[in-house]
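Quick one: structure below, then a few questions.
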Amino acid sequence: MTTFDLRRRFAAEALGTGLLVATVVGSGIMAETLTHDVGLALLGNTLATGAMLVVLITILGPISGAHFNPAVSLVFCLNRSLPPRDLPAYLVAQFAGGIAGTIAAHLMFALPVLEVATKLRSGPAQWFSEVVATFGLVAVILAGIRFERRTVPWLVGLYITAAYWFTASTSFANPAVAVARSLTNTFSGIRPVDLPGFIVAELLGAVIALALMGWLLKPEPVQQYQPLKAEP
Amino acid sequence: MTTFDLRRRFAAEALGTGLLVATVVGSGIMAETLTHDVGLALLGNTLATGAMLVVLITILGPISGAHFNPAVSLVFCLNRSLPPRDLPAYLVAQFAGGIAGTIAAHLMFALPVLEVATKLRSGPAQWFSEVVATFGLVAVILAGIRFERRTVPWLVGLYITAAYWFTASTSFANPAVAVARSLTNTFSGIRPVDLPGFIVAELLGAVIALALMGWLLKPEPVQQYQPLKAEP
Amino acid sequence: MTTFDLRRRFAAEALGTGLLVATVVGSGIMAETLTHDVGLALLGNTLATGAMLVVLITILGPISGAHFNPAVSLVFCLNRSLPPRDLPAYLVAQFAGGIAGTIAAHLMFALPVLEVATKLRSGPAQWFSEVVATFGLVAVILAGIRFERRTVPWLVGLYITAAYWFTASTSFANPAVAVARSLTNTFSGIRPVDLPGFIVAELLGAVIALALMGWLLKPEPVQQYQPLKAEP
Amino acid sequence: MTTFDLRRRFAAEALGTGLLVATVVGSGIMAETLTHDVGLALLGNTLATGAMLVVLITILGPISGAHFNPAVSLVFCLNRSLPPRDLPAYLVAQFAGGIAGTIAAHLMFALPVLEVATKLRSGPAQWFSEVVATFGLVAVILAGIRFERRTVPWLVGLYITAAYWFTASTSFANPAVAVARSLTNTFSGIRPVDLPGFIVAELLGAVIALALMGWLLKPEPVQQYQPLKAEP
């Protein structure tokens, strides 16, 4: 397998997170521009995000691993898939790329370069939603890598498609994307003051998933069916 | 192939059924919160459920087989894919995991932990729908395993996507999920008193599929085209 | 490859066409029951049909080839993929299975066993739509088999997903399905008197595709780039 | 690998671009006929276009490469995947095929053979959208070919699915399709006077992608982790 140097991995993480956020924010703006039905708006938002995740993870995964998500990079650091010395570069790329994605979406829709979100997303139910959402995301990634590595882009895209609908928070599940979404006052925004609750919940969900899947995915030797033997 | 011990298979069945029910119930709540158009609500419900099924069967199938469904476990017992002594653990995991899924969905949406459903789902047309839905599900699984094992997660996700729309009952097709859905008084609920009719219909559909596919999938030797031979 | 006898191939064609029609008709009834927005109704109808096609062709293709369509069987007869002596059985299975599918959908939705459709679908634009729809379907099948055989179920499901929307007739593209749909007076119905126009158009489109793809898919030797040689 | 002669490659490019445009234009007409919700109309338009792209690139890619897009052919010329002497034939096929696609859509929906679009699509935000849209498309194609060649049809279909929603221009990203869409006064139309802005933006986005991906996809030797050695 080819190895890419850190500059290219940095660029891949920034480009991927940027396009992901541009998709989340941009499709939200498009949706609320075109329809008054919020269910339909979420459907458009979901379809675009899920589709883009499959694409970005497929084309950038071979370069950087396609984390696009500090919670995921942290997990890969903890399970030794990512050298700790690379973590800072990954985090900077993700946060900076994400904000650039919001800017790109705003420019495409002729909005101010950056805004401050006013959409309230807080409270125990929202936080629990983020724990569940990120738990599921990390569990899917870890089990997917173990059993069906080439399908991981699809699994992540489909998981987020579902999670947009089954969690009350519409599944941010990503601290860098959350920060980037605090800078748009549109469909997908989140008040900056609500960020800490979301980010703590996301990291908690990620760590729970790492622990549980560490146990679940480790097969133990099982006693085979054995014909009874005459000799002791 | 690695073999996982029964504790991990139990956990996989519980986790999978739980996430499946959380998706069905949670996306139903999200949908009816966001839109007044019931067709659109079913669309969101469908998309989330179909996507999640692909994910869960892919990542948990290698551990437990990813039944998440007592009707499926029963069929695999009857065709000797699941040792009968493992059946009780699978059933307990599925029913308990399913109820936990309803609880999780309720907590995410700030609803009471459990409710009693009041949505009526009964009568011959509904029961016939469940027979057809479960017949189709089991037929898809059995033929999928036979011809295209790695595609089974997709086939099940796509089949349920279609079945949510072409059956009048929106295709429960799963006794454990049905029980879990009797404990939510939201979009996806079913009155507890309607459970027996649904469960009997589901088991009936499963058994019919097992019988029919047992015949259909068993090739018989066919006479080949033979050039006429001169000698007798 | 295993060869299945004609009885099983007959059963596979009947079962597949039946489930396909049950999906088309059933999801149409569900859609018009749940929403007043015809665009949304078509979306539900599309999603169910496309998903079911992928499933049915995957699981029944290895048995019968999964034609489910007299126009397709005819094309395979003409290009010698289906022995002519098997054609009558295929056609009977498709028409009978299709009608059984309408009956099943009606029973699931508590409608009369069979109805006579009153929905007008006629005129040159509709007929041209059916020519295009069936041309595309057969072209996709023939090229798909040539280049990417295992993907054909997905190609057909995706093609019909598109064709429901880009043709004015919503792409019947199948004489057996058209006949079955003339027996339901719901979303997906077609007046019996409009059947001949549709069926002629469909067969015409199929034959045009066979001719064009026969030419397009046949590579001719091309002169290779050759380095100039010194010796003659 | 079989090589197809230029006549067949020309036919494949014309047929593919024609069916693509027929899908874009036809599904737009269908959508605005069936619903008054513009978000829903875009959803139908998106679904049909994304699905058709997967199909067309899969079945025609082995013949002509399935560009269907002058910006893509130009990029492949610049990176030496397409011999320059073949470029004119590709461009003629794409523009002529695209216009034929508009004609086919109009005939299917009983509209005048060709119209002049009156839908305004102009201004810096729209142009920037087209730069981003085409940048993304070309980046996806180049990286997809490099890492996951057989998945490219899916990547393109999914990318356009997302791009219809996250760019303000709904992602034309294709000069031949843009010209063909200037000849329909329906949902997907664009005023002829707005074409130059779109086409320049598209070519700009394509060239930026070629430059960036040329750098990003080229791995540089990286220093391996080396155990410390005793000898200097």
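Should a chain be cited, it is by its letter among A, B, C and D, assigned in written order, with residues numbered from 1 in that chain.
Here is the rule we use: a contact is a pair of C-beta atoms (placed from the backbone, for glycine too) under 8 Å apart; a residue touches a chain by one contact, two chains touch by 3 or more.
By chain, with names taken from UniProt: A, B, C, D = MIP/aquaporin family protein.
Given the structure is predicted, the values throughout are model-derived calculations rather than measurements.
Engineer: When you check each chain against chain B and chain C, which touch both of them?
Structural biologist: A chain counts here if it touches both chain B and chain C, and no chain qualifies.
Engineer: Can you work out the rotation angle that lays chain C over chain D using Cα coordinates, in steps of 5 degrees?
Structural biologist: 90
Engineer: Centre-to-centre on C-alpha atoms, which chain is most distant from chain D?
Structural biologist: Between chain D and every other chain, the largest centroid distance is to B.
Engineer: Same or different interface residues for chain A and chain B, judged by whether over half of the residue numbers are used by both?
Structural biologist: different
Engineer: Could you put a whole-Å number on the gap between the CA centroids of chain A and chain D?
Structural biologist: About 27 Å, centre to centre.
Engineer: Distance between chain B and chain D based on Cα centroids, please, to the nearest Å.
Structural biologist: Measuring from centre to centre gives 39 Å for this pair.
Engineer: Which residue numbers or ranges of chain B touch two or more of the other chains?
Structural biologist: Expected reply: 37, 40, 43.
Engineer: What chain pairs are in touch here?
Structural biologist: Pairs flagged as touching, ordered by label: A-B, A-D, B-C, C-D.
Engineer: Where on chain B does chain A make contact in their complex?
Structural biologist: Residue positions touching the partner: 2-5, 8, 11-12, 15, 19, 22-23, 25-27, 30-31, 34-35, 37, 40-41, 43-45, 47-49, 51-52, 54-55, 58-63, 104-105, 107-110, 157.
Engineer: Any idea which chain C residues touch chain D in the complex?
Structural biologist: 37-40, 42-43, 46, 50, 123-125, 128-129, 132, 136, 139-140, 143-144, 147-148, 151, 154-155, 158-159, 161-162, 164-169, 215-217, 219-220, 222
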